[in-house]
Amino acid sequence: MIWGVDVASMLLGGVAAGMVLFIVSVGLSVTMGLMGFVNLAHGGFAMLGGYAIVQAMKHWGLGFVPALVFGFVVTALVSVVLERLLYSRLYRANELDQVLLTIGLVFVMIASVTLLLGPENQPIRLPAALQGQIDLGIVRYRTYSVVLIAAGLLIAAALWLVFERTQIGAQIRAAVDNRRMAESLGINIDRLFTITFAAGSGLAALGGGLGAEFLGLDPQYPLKYLVYFLIVVAVGGLGRVTGVFWAALLIGVLDFVLKKYLPQGGTAFIYAFTILLLLWRPQGLFGGAAR
Amino acid sequence: MISPPPSGPLDRPAAHALAGRHWLRAWEPIPWILALGLFVLFPKHLAFGTELLVTILFALSLDLVLGYAGIVTLGHAAFFGAGAYTVGILAKRGLWTEPITGLILAAAVAAAVGLGSGVVLLRTRGLTLLMLTLCTMALLEEAANLAHDYTGGFDGLDSLPIAPLLGRFEFNPLYPTTQYLYVLAVLFVCFLFVRTLVYSPFGQSLTGIRENILRMRAVGAPVRQRLVLCYTLSAAIAGVAGGIWAQANAYVNLGTLALDRAATVLIILVLGGFGRLYGAFIGAVAYMALSHFLSKVYPTGWQLGLGLLLVVIALFANNGILGLVETCSRALRRRGAGAPAPGASAGQ
Amino acid sequence: MLNRIIAIATVLAATTTWAHAQEVKVGVNLPYTGIGAEFAQLVDRGMDLYLKLNADKVKPYKITLVKRDVKDPGGANAKIAVQELLTQENVDILAGWIYSPNAIASAPIVTAGKKLAVIMNAGTAHITTMSPYYVRTSFSMWHAGYAMGEAAAKQLNAKTAVVGYTDFPPGKDSLAAFKRSFEAGGGKVVDEIPMGGAGAVPDFTPFFQRAKDRKPDVFFVFVPAGDHAAAVVKTYAALGMREAGIKLIGPGDITQDTKLQAMGPAAVGLITMHHYHADLDNPENKRFVEAWKKEYGATSTPDFMAVGGYDGMAAIVHVVQTLKGKIDADKALEALKGWKFNSPRGPIMIDPVTRDIVMNEYLSEAVMKDGRVFQKTIGKIDAVKDACKEQKIGPCAPK
Amino acid sequence: MPPGGPGDAPAAPLLETRRLCRNFGALAAARDIDFRLEAGARHALIGPNGAGKTTFVNLLSGLIRPSAGQVLLKGNDVTRVVEAERVKLGIARTFQINRLFRGLTVLENVYLAVAERLGAAPSMLRPAGRRLDVVLESMRLLETLKLADDAGHRVSELPYGRQRLVELAITLGLTPDVLLLDEPAAGVPSAESHVILDAVASLPRDIAVLIIDHDMDLVFRFADRITVMVGGAIFATGSPREIGANPDVRAVYLGQAHRG
């Protein structure tokens, strides 16, 4: 029984952390898979979204859920503007020029947020119902972790439906598998990318808001967590929604277990795990063959 | 001068261009004159100047793998750190304090790390390789943090007893004149080596690997072996950069192994223009001078200016500042001559 | 030949420009950007506020602040900043240092530059031993850690403790300090949990779960101030550790004033030992907090970092007055040794032997009062010295 | 039609495969291929799209590994020998879609191949241009292929037809014993294709050539032996006359269901 409680609480904690990783990273994975665009500013959209959500709750008294919706929409809109103005000019450019552009954008985002709202961490106030603990029968656990898991599952299910059951989902899958083929079938890749980019950034915003309780929210956010997002994308396989999902959960749970039982190892285990996994499967757990 | 044999083919302009492309161009001494000029005219800026020169050396080592062999890595600080800790640990324990031989040891250790990781990692490319190099570096950083007894952990190793250069010139922390000239000399030697290398047939074959790795295999090149060799040489130079940084500062810490350093040097090289030898110089000067002087006048908001510069260069220049210069000068020449410019080889 | 060139260049560089008798230049190095930007702002505001509130005490001299961004804890940028402040700006006094590694890296330059250097935050215990010109107006990790260990054993009657700490030198210092006094007082540290580096993800759930499984009387946590502190309290509450009968204690970093209100009721019951919090009841502090809110907004609050800057500037002004605007490092040190000041944190003094600060430590409990979290002082230890240097432990022992 | 070569003598083929198979998942792209290429042969490989011709060339050059079976070069088993090593043993190829060093000049493209063959490539301390032997040989080759005027131009600046010639030039720079040409004129406007076809026709007689092409005129003019592939297997092999007269082959090419 004690053992069961232990395992259950470990799974809950790890899965909840994994869900945050999933929500933020999934957009990055799909846009990178679709266009091969190295968007290092993805975490920046998570930060912008998180800020929008916190500010909306603080100044306009918006509830948590309406604020999340607001953050999604605002960030998606901002990202479309940036995508049309900046990203679209570099679709066929060298990936290193893309790195330069997106890192530059990250610097601009960090500096703007710092100048406008200060360098300090932005605390998020969760509704009282989401704080404290919840009794799940076998174990009492942090309510918000359970909420995160539910939210993550909901988003994953919605994404699955979009990808499997809609025209646009089918187009994205086709384009990720073989862009040239998809183009020759008359799929408008640029338009597809704009839509995916907006949705992915919006999701990142949700992740920024939902994860703020764990990850905090400050101007350095886009750089602080970039490595984690990239690890999830690489381990999951580019452009694979299910891949990102399982990779995020795997890393979330593994990180949790290792931290609990081997805290002395620091974060070294996650890096070692990523190295071994990528050597074993260079295209990630769910990635296709090398292209 | 080349002395063409009686046969005709070597008289063609393309053959002349290839045979003479390693020749010194008129403007090539300029960076070195400027560096000496800085020493004479701005003696108060030598601490910054020393850091700038070390960064150029580090970026140059990255250019070898990234610009010439096309290996995109986010883990190059692993070698910088390996070199820095080699110098630091040997000096702190009183085992080795002579600077020049210390650099050779730093290069050897970094090369060993490069060889070991290169053999394992260079079978992959793209995002996978990027993440593998990054994680390897992060692992080394963790290891350095855990090996507190040797590395000083987060605090690092301070007040390293570095022997005077050539037995005569002390390293003064406040007026780093010796450091500056020392780093400049080492940079010059390393630059000559890299320059020779990229114009050699070996360098040419690296360019071939960058341009089309599959075709390189199809002409019979042992691609993996070349990449590993190039990676090892580059690691050795990065190790020299790290070692000399530790000597000049009499200090090592975990920052030498950090992602920050690896990412910054990548940005610097891309900003300057990779695969062009001088991109390391231009990029380091542009990036560091801008952030240094902008942060003096505007300590809280200088990142905005830097970010905008990166965005503008990415949007309007094809391959960094040197790419922009090349495009402009080609356009000017075309307008001036009214004839198509002769195809210059890429990578020069 | 080369020798001579270097010598000439050195002389050229060293020729100091004319210093106005009336103007004193203070070179400030702080991480105005990057992960420490928030802390830099607090220290910076603390300094500015002192000058603003005490304009008459500065007269007839003029203090000019030359501010430099040191960007990161990497050491190199801080070194360059300090070197240039000394050689280009010819500052009379140095100040700043948020991060300990930067203070460590700068030490040789400070020594070579022969200028008074006031450390306004960096807390690793031994850094004041690294240069004879370092004077610290902030704290050492041992101040709070050591006092907390004593209080936990005696006042809180704890028998067992688990220590969770951020795995970098201030964290290790804090662990060592707490453990030493707690075990001397008859307690036992049953588990020591390193919780990742300073830059790690501030999700402490797994570590706290491990601590909870150990069922200690108290859980002593050190994390660097900032967003990590908020996460500590949230995790503690959310895992139901209070209900499990485990008291969360630590240095004041975990109840940093700037984060406290955002923690809300979850923070209630936290017991911390520190040299400052904004709710301290003394006239100096009342004046300080009031002026702060007037200057930087009603929702803004000073904290222990701000006080480090504030007191540091007070020390500098004292030096300027004593030396009549002509700053000489050795005389400045003499002026500061044994200097006493009525700070918002209560009476403070610079230890004439160690050049480190001597100050009161306050044991506080977070309670709800008038709808906000309030730090109630429940105990006080007068004139605490840095125990690490007092007891000559590890790197604090004289070489 | 060229006169019958030494292909009539079955003694020791230059290149041979035995029951060569390659599967991609459930798809068998090469099935039990027994094939012989004689020294000095002009051998054409034809078949409808998707017949597995390029897969077969990839197996011969070592770009991909077979699922089963053997590849023999001059009687030696080279099945396990990697692509780059096979080049050293004398097998070289062109690609159906250009694989060039697009950012480099035409001369540098050929230089890379010649430098590898002459063992100059590992040299680090001499300037590439000082290896006059490599430069000279590269230039001579370009002159032979009438590319010398373009030698200084970047490959990406050339029209596609010229690029196809560079593709051929790189391969010839390796002076192979066995030359595998995968649709050398594919994608080239017919006005320009004759240059490539002339170049192919004037290859040295001692090289054994295997050519894939859809242009039947070219195939029947050039080849002294033709192999027809269908569905990953060899469907027929014979002299051009035999293949031309084979009703099954005609059926395949006229799109009728064969043996239908």
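Details
Here the chain labels run A, B, C and D in written order, and each chain numbers its own residues starting at 1.
Rule of thumb we're sticking to: contacts are C-beta pairs under 8 Å (C-beta built on N, C-alpha and C of every residue); 3 or more make two chains touch, one makes a residue touch a chain.
These numbers come from a predicted model, not from an experiment.
Following the contact convention of this document, C is the list of chains adjacent to both chain A and chain B.
Just to note, of A-C and B-D, the chains joined by more C-beta pairs in contact are B-D. Of all chains, C has its CA centroid at the greatest distance from the CA centroid of chain D.
A straight line joining the Cα centres of chain A and chain D is 48 Å long.
Averaging Cα coordinates per chain places chain A and chain C 36 Å apart. If you average the Cα atoms of chain C and of chain D, the two centres end up 74 Å apart. Centre-to-centre, using mean CA coordinates, chain B is 41 Å away from chain D. Shown for chain A are the residues in touch with two or more other chains, namely 110-111, 114, 119, 264, 266-267. Residues of chain B in contact with two or more other chains: 145, 300, 302-303. Of all possible chain pairs, the ones that touch are A-B, A-C, B-C, B-D. On the side of chain C, the complex with chain B involves touching residues 2-3, 6, 9-10, 12-14, 30, 32-33, 37, 41, 67-69, 71-76, 79-80, 83-84, 86-88, 100-101, 104-105, 107-109, 112-113, 124, 130, 167-169, 197-198. Those residues of chain A lying in contact with chain C across their complex are 6, 9-10, 13-14, 17, 110-111, 114, 118-121, 123, 125, 131-133, 140, 142-145, 213-220, 224-225, 228, 255-257, 259-261, 263-264, 266-267. By the touch criterion stated above, chain B contacts chain C in their complex at residues 39-40, 43-48, 51, 145, 153-156, 158-159, 168-169, 172-178, 181, 245, 249-251, 253, 255, 258, 260-261, 292, 295-296, 299-300, 302-303.
Those residues of chain C lying in contact with chain A across their complex are 33-35, 37-38, 40-41, 167, 193-197, 199-203, 205-207, 209-210, 213, 226-228, 230-231, 234, 237-240, 258-259, 262-264, 266. Across the interface of their complex, chain A is touched by residues 66, 72, 120-121, 123-124, 127-128, 130-132, 134-136, 138-139, 142-143, 145-146, 259, 263, 266-267, 270-271, 274, 300-304, 306-315, 318-320 of chain B.
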